[in-house]
Structure formats: C-alpha cells, structure tokens
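In what follows, structures are represented as structure tokens.
Below are two complexes that have chain A in common, paired first with chain B and then with chain C.
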Partner chain A sequence: MADRIVIQSFSLQYSATTPGVLSSVSLDIPSGTCCAILGPTGAGKSSLLQCLAGTMQRHHPESVASGTIQIGERLFEALPSHVLFPSVGYALQDPHVQISGVRDTVFGEILFTLENTGEVPDEPAAVILPLLRKLGIDHLADRKPTSLSGGETQRVALATILVAQPPVLLLDEPTTAMDLAAQEKLRGILRGMKQSTTIVLTDTQLDFALGICDQIVVLEQGKVLFDGTPAAFLRRLDEFHTSLPLENWLPLRQQILRLLDQPSRLGSRLALTLGLK
Partner chain B sequence: MSIELRNVSFSYAGDRPVLRDVSFSAEQGGFLLIIGQNGVGKSTLLKLLNGILKPTSGQVLVNGVNTATQPTSRLAKEICVTFQNPADQIFASTIRAEVEFGPRNLRRKNVDQLVDDALVLCGLDALASHHPYDLPSAQRKLLTVASAIASGAPYLAFDEPSAGLSQIERSVFEGLLTALKKEDRGMIVVSHDLALLLPYATAVLILARGEMIYYGNAEVVTQQDGLIRKAGLRLPLPYRLEKLFGK
Partner chain C sequence: MSTGQSLSRKLALVLLLWVCAFTLPWTIQASLCVVLIIARYAVLPLRPITPRSAKAFSRFILYSIAVATFIILLNGLLIKEGAVAAKVFGIPLHKEGLLFGARTASRLLLLSFSILLFFVSTSLPDLIEHLQTKGLPPYLALVLLLTLHFLDQLPARIHQIFLAQQARGAPVDSGLLSRTKALFSILSPLVLSSIVESIERGTALELRGFLQRPQVARVIKRSESETDWLTISLILLALAVLIYRIVQWLIA
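Let's look at the complex of A and B:
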C-alpha cells in the first residue's frame, strides 16, 4: 500500500553555523500519486529527498532540522534517525554510486537488492527479467554492471530500486543520461506503479515530469515557490523561466492554454500527452 | 585542418563490434552533434577521436595524422575530450589546479590566461580555490568543460555536457558555446539534449545499432520523424507539441 507523505514547516541546515538549505517547506503528497520537485542547482531538491529517505544524517552528521515529516503512519520530529529502505526506495542522483558492483552481472546486482530486503522470490528471474524488459535493458542481464554506458548504468541503477517495489519511491534526477525513448519507457513504468507507490522525483527541467506527475513543486533556495497541478503550473509558466529551462515551452504557452480551455479533440490529446487528466 | 574518420570499426577485446564503418569529418568552427540510443557507441566514438581507443579497422586522422601512430599526449594538443561522468576525470584538489593541468602539461605559453578565461567562461572563477567535490554535480560538469577549454586544443569533444545542468548552468553553457564558436574551435558533442544543442549544430550524426544511419545537416532531424524513430529516439516534448499545433 502506498504511503501519503506530509511535510510540515520543515527547515534544514547542514550544521548550526551554515546557511539554511530548506526553509519552512510544507508539502502534502497524497498516497499513490507522483510529485515532481523542480528547481535549479542548489535549490535543496536532493537534500529534501535525503531527508525523506532517512540518509541526511549519513551525509551531514551535524545537520540541524526542525518541523515534521510524516510517511504513512510514521511521524518523524525533524529527521528520521535511520535509513528507511526498503519501505522508502531512493534512487541516487549519481547512478555509478548506486551500483554496488558486488556481483558480476546486472541480473546479480538486481537480485542483491532483493537479498537485502530479505524477500527473495522462489523464481527471482520471473520478477527481474520482466522489469529489465520494461526498462529496455533485458539484453544487458548478463553484462558486468560496471562495464555499461552512462544511460545503461542509469537504467540498471533504477532497476535495483524498482525491483523492491517500495511503497515510497524517491528518484533523484532519474533521466539525466537517458535517451528520450528510454525516458518514455520509464514514464510507462512509473505510471503503472502509481497505484501502489507514492513517487517523488526531482528534475532540473519540466519535460520528463509532464505526463506522469500529479503535482509540481518548484523549489528555489530552499523555499517552495509553487505547489500545484501540472495544469496550474502551465498557466503560470512564465513566472518560472529563471528557475527552469523553459525557452522551448514559453512560445507554446498561449496555444496550450487555449486548447486546455476550449474542449476539442486536439485539446484532449494534448491533455493526455501532458498528463493533465 | 580537420578530424576525420575513415571507415572506422571498433570492438572491445573479444567482443562483438560496437561501431561499424563510421566515416565523417569535423572542421574548425563547426559543431557536430552525435545522437543515438543509450549504449549505441557514442562515448566509444569520442574516445577514438583522441586516441584513448584505437580503431579495430579504418583510420582516425587528426589534422591528417593517424591516431594509431601517435601517443595520446601528442594528440591532446589538437583535441580534448571530456568524459560523461566527471568523476572519471577530476583528480586535482582545487578547481584551479584541475583546469591548469592540461595547459601546463601541454606547455602552452599563456597558462594563467587560458585558465582564467576558461574559469570565467564556465562561471567558476569565484570558486577557483575550492575542492572540485565541493561543487554540485552540475557544476562539476562545467569544470570538465573548463579543463577542456583551457587546454587550448582547437577541437573539443564533450560527452553529454548538459546532462543534469539546471537553468543556471545551462545559461552559462550557452554563453560558452557562443564564445567557442567565435574562437573558431571545432566542436564534437554527444548528447540527448536536442532542445539545447540542435540550434548550435552545423551537422548531425545519428548512430543506430553501431552504424551511422545519418550524417548531414541538422535541420533534417526535426523535420524527418522517420529518421529519429529509426534510431529508436524521440523528439523532445515541446518539438512534438509544436508539430501537434501545426496540424
């Protein structure tokens, strides 16, 4: 069952003497939905995910936080004190760090996750191979996980998290090295997982989030600038051109709004493409 | 003066060929954009340009000199290649030292000037004394680009230089591309980021299943859906919407 995530007045500093990384962040991410946290470098996106994953104190042992984080039934005053895996799956920004390399094959690397969760199915191949197929990397099953290209590595790293089917899934810029066809595949997988998983992903741009996310949050310098639906975001697109690369989107804005407001076959197609329904 | 590939094929030891019969030439002042699916051999192709890898058959010619006969250190004077993962190349303990390594070892005359200019161009001048690993990953990408620029090499090859860059670094990156064009450097760039880079490309090379399925002008890429589909790729969402509105 997917967990609802409620963050209330959450603030974070890496240490008592350093500037704030997150400043009074409040978010409500309903169970079984997908929230995209967008913003420039240094906005606090990865830090927020690390707080939700329970890994912040590993990275910054002296970090100071206030506010609350609630994940499902569990309420944390400030930071969770332990890593929340496997109930929270966290795909790191750098896929090369994610891959342990303790096994000789991609298949083995993914099986290693299941072994760590203590829930190895009788026929692991029946779980792992379909996932690899959906990600378009089944041909890599026998390859050495450290011998892959950048985009392949990113997909294998994701598979090591997705295979555990965590009720909460955190993805830190999951598509940076992926070609656009691979991104489409991942979109399809995430759409299929949404019922049983609450997904929070970060990105520096808009394109991947549209079509899967139900909620867009724009974070800048640790503060929430926007929190709303993709349709509401598209209506206010021009406000965020300094935070996000929107130069290809802004010229389309008027046409997008017209189609959203006036029912038409093209409008419905557009709404579907952008995940506005 | 050019970088030229003549019927280049390449396989990693004992494995099936990664690249087959690839030919192209890149000139100074030009911008060749190389696109293709993940794992198709794009990064391998870049490593052939400066002699890190040598072709299994065919020839790579850097200003007419066959890379098979030259040490990488000599080729580095002419072409500098950045890796996709900055962690694979960053080694110095300050940003300045990292950028300085190339031009100093290549015995360029004006090392300080080359380093200063590259740092300014990449928006890293105020951070010169910091440790590279204090930088967020997006700026670490720009650091590898700064090192390449400071090398003074007339040809620069970047592997996914804009991956993970946010709006802040993308603006910096666009600025430096314009500056490099003015300097008449030759650019060879592997990327999935068509939205950012296609406007700069003077030529596009598309790889599919290890073969070159297209090499020619850049406009064709957005106009011919079939070509992109044949390569197993998709156009960026705004491009597709534009087409939808055009109908």
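Let's look at the complex of A and C:
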C-alpha cells in the first residue's frame, strides 16, 4: 500500500554555520502518485531525498533541520534518525554503487535485499523472477551483477530496491546512465507501479517527468518555486527557463496549450501522452 | 569440503603464519614463504580464483622479492656491525646488517604472502557470507566489504586516471621516472574518488537494510556447521608456537 508524504515548513542546514540547503519546503504528495522534483544541480533535490530516506541525520549528524516530515502514519519532527528502508526505498544516482558485490549473480544480488529485511520467502524465485520479468531483465538472472551495461545495471539496482516492496520509492536522477529507449522502458515500469507505490524522483530536466508524473515541483536554491500539475507547469513554462533547460519545450509551448485547450482528439491524445490528464 | 570449512581453514592458516612471522627464526619464515609459493600451485583451495588474481599474485611475488633484496642490501650497507660478508661494487656489506635485513624482509614477505594468498584464493561474496555466519557485526562487515572492493577496483581505477592524465598531456608513458612522477599526480584523484565511492557504496548498502540484517540466519547456519578438526589444529598450533615463544623469552 502506497504512503502519502507530507512535508511542512521543512528547512535544512548541513551545519549551524553553513547557509541553508532547503528553506521552508512544504509539499503534499498523495499516495499512489508520482512527483518529480526538478531543479538545477545544487538546488537541494538530493538533500531532500536523503531526508526522506532517513540517511541525512546519520551521515550528517551536525545538520540542523526544522519542520516536519510525515510518511504514511509516521511523523518525524525535523529529521528521521534512522534509515527508513524497507518503508522507503531509495535508488541512488549512480546505479553501479547500488550493486553490493556480495553475490555472484543478479538473482543473488536481489535475494540479498530480502535477506537484509529478514523476510526471505520459502521460494524466493517466485518473488524475484516475476519482478525481473516486469523490469525486462529476467535473462540477466544468472549474470554477474558487476558485468552489466549502464542501463541493465540501472534496472538491476531498481530491482534490488523494489523486491522489498517499499510503499515509497525515491529515485535520484534515475535516467542519468540511460539512453532514450531505456528511459521509455523505465517510464513504463514506473507507470505500472504507481498504484502500489508513491514515487518521488528528481531530475535536472523536464523530459522524463512528463508522461509519468502527476505533480511537478521546481526547486531552486532550496526553495520551492513551483508545485502543481504538469498541465499547470506547462502553462507557466517560461517562468522557469533560468532554472531548467527548456529550450526544446519553449517553442512548442503555445501549440501545446492551444491543443490542450481545444476539445479535440489530438489534444486529448497529447494530454494523455504527456500525462496531463 | 564446504566453502565455509575451506574459509575457516584458510583463516586459521593465516593466523598461524602471522604468529610464525613474529615468533620463529627468519630461516623458517623464509622457508614458509617458499612453501606458500608452492602451495599456490599445489593446494587446490589456495589457487587464485581468477586469472587476474593469479597474475596479481605472480607480480606481487616478483616485486616483493625485489623489495626484500633492497631491504637486505640497505641494512647490510647501513648497519656496520660484524664482519664484512661481501663487497658489491667495492661497497662493504656487513654480516649483522644483512642478517637484520633478512629477518625484516622474511617477516614482511610471510605476512604479505599469507594475506595475499588468502584474498586471491577467496571469493569476496563467500568471505563476507562466511564472516557474517560467524557473527561478524554488520558494521565491520561493511568496512571490510568496502575495503576489499576498493582494493579490487584499485588497478582499474589507477589505469583510468593514468589515461585521463595522458589525455591532458601528462608524460605518464615514457619511462620509469615519468611514471613515478605521474604517480604523485594520480594520488589525489585516486584517494578522493575512492573516498566518495566508498561513502556512496556504504550508503547504498545501508539503504538496502544491510546494517539491520537479522541475526536469525546466522544462528541457523552456525548450528548446521560441523567441528572442523583441521581448523582447530591450526589454531592450536598457532597458540602452541606463541606459548613456546613466550616461555623461551621468559627463560632467556
């Protein structure tokens, strides 16, 4: 069952003497939806994910935070003091570091996560193989996890998290190592997961987020510049050209809006493709 | 013989050899080094698991023999005690210095050969699994895992940084001297990138619940394991050597 995430007036500094990384961030991400946090490098996207995953307090004990984070029924004043796995799954930006190297096969690597949770089913293959099929990597089950390509590693890394069925999934710039075909595949996978998982992903550009996300948040210098639906974002596109690379989208803006505003079949199809309806 | 049993025996052997390295005369230590080199070919569980690790071990033997010779000669040259044992290019090498050098070198060789042979003949997943079944705390397992991963990736990483330096026009490929100089320029990126990757790798493992790994699996596996007399014998032998040395020291 997916969990709702509510962040209220959340601020963060890495130490009392350094400037704030996040400044009074408030977000409400309904359960079973996908939220894209967009922004340039250094905007605070990864820091926010680390706070949600529960690693910030552990890795930066001197960090100072205020506000609240609520994930499902659990309310945290400031920062969670421990890693929230398996309630929250967090896939790091570099998929290669996600591969532990303690198992010789992809199957074993994924089983390793189940062993960590202490919930190894009697027949692990009945859980792992369908997941691998869903991600389109069932043919890699017996391969060595450190010998895969970037896109394959990305999907194996995702499988190592998804096998624990976290109600919340955090993806830090998931498309960094992916070509367009692999991005499309991942988009399909995430779309299929939305019912059972709340997904929060970060990215530096808009392209991947459209067509999958129900909510777009633009973050810059730790502040929320925009929080709304993709359709609302497209209507205000020109306001964010300094924060995001929108060169490909800005020339199309007028046409997209005209098509969306007209009750035509083409408009409806476009809206569906971009995830605006 | 199970993987766990084989690992226990190898760990016990390393323990015995380390005790020997600090207690026995250098002649025995040097002999043990030769025995280890033969064992690398003759004893199946001590054979390197990949061609890459076999090559690394062979190279290490060559380098370490060169280092050992250097240590012995340097001590023979600098410690001017005892009779002159030999002259190299007219430079006298003293007996006491040579003996001290031989003692130091044989100890270093035995310590490094034993630990290296253990790692080249052991798969990392098997080692971590085994140590965890023996009750190694997750934090220590994590540190060990990150260290071994770093060592495993070290040659590839150095090669990558060398290539990057070369692409920037640094003379890294023209002779020993320029390669040695270039070594200093790769140290900083090597250390920094390794630290960053280790932190991320550790975080990724933590994010998969590695540190909360339940104890149950270990208990079950431990109860399944049988008494291995060879492992016990090796540990007892290590203890006996240690006690013998302490007694000898007390009498003297």
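Note that the second predicted complex is superposed on the first by the 277 of 277 C-alpha atoms of A that agree within 3 Å, B and C clash if a C-alpha of one lies under 4 Å from a C-alpha of the other, contacts with A are read in each partner's own complex, and residues count from 1 in each chain.
As a convention for this text, a contact is a pair of C-beta atoms (placed from the backbone, for glycine too) under 8 Å apart; a residue touches a chain by one contact, two chains touch by 3 or more.
It should be emphasised that the depicted structure is a prediction, and the values quoted were computed from it without experimental measurement.
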Task: Fit-or-clash call for chain B and chain C when the two complexes are aligned on chain A - done: clash
Task: Which of chain B and chain C A:W249 touches, first, second, both or neither - done: first
Task: Partner chain in contact with A:L148 - chain B first, chain C second, else both or neither - done: first
Open item on the list: Applying the document's definition of touch, where does A:T176 land relative to chain B and chain C: first, second, both, or neither?
Closed with: first
Open item on the list: After the superposition on A, what does A:A53 contact: first (chain B), second (chain C), both or neither?
Closed with: second
Open item on the list: I'd like to know which partner A:V102 touches here: chain B for first, chain C for second, both or neither.
Closed with: second
Open item on the list: On the A-aligned overlay, A:D94 touches which partner chain: chain B = first, chain C = second, or both, or neither?
Closed with: both
Open item on the list: Quick check on the superposed pair: does A:E184 touch chain B, chain C, both, or neither? Answer first, second, both or neither.
Closed with: first
Task: When both partners are placed on the shared chain, which of chain B and chain C touches more of chain A - done: B
Open item on the list: If the shared chain A is used to align the two complexes, which stretch of chain C, 26-34, 98-106 or 188-196, clashes with chain B?
Closed with: 188-196
- [ ] Overlap the chain B and chain C contact sets on chain A and report the shared residues.
- [x] 94
Open item on the list: Can you tell me which positions in chain B touch chain A when the two form their complex?
Closed with: 36-39, 42-43, 84-85, 87, 136-139, 159-160, 163-170, 192, 195-196, 232-242, 244-245, 247
Task: chain A-touching residues of chain C, taken from the complex the two chains share - done: 123-125, 128-129, 145, 149, 197, 199-201, 203-214, 216-217
Task: chain C-facing residues of chain A, complex - done: 53, 55, 58-59, 83, 85-86, 89-90, 92, 94, 97-98, 100-104, 108, 112-113, 115-118, 160-161, 164
Task: Touching residues (chain side chain A, partner chain B) in the complex - done: 39-43, 93-94, 96, 140, 148-152, 154-155, 173, 176-184, 204-205, 207, 210-211, 241-245, 248-249, 252, 255-256, 266, 269-270, 273
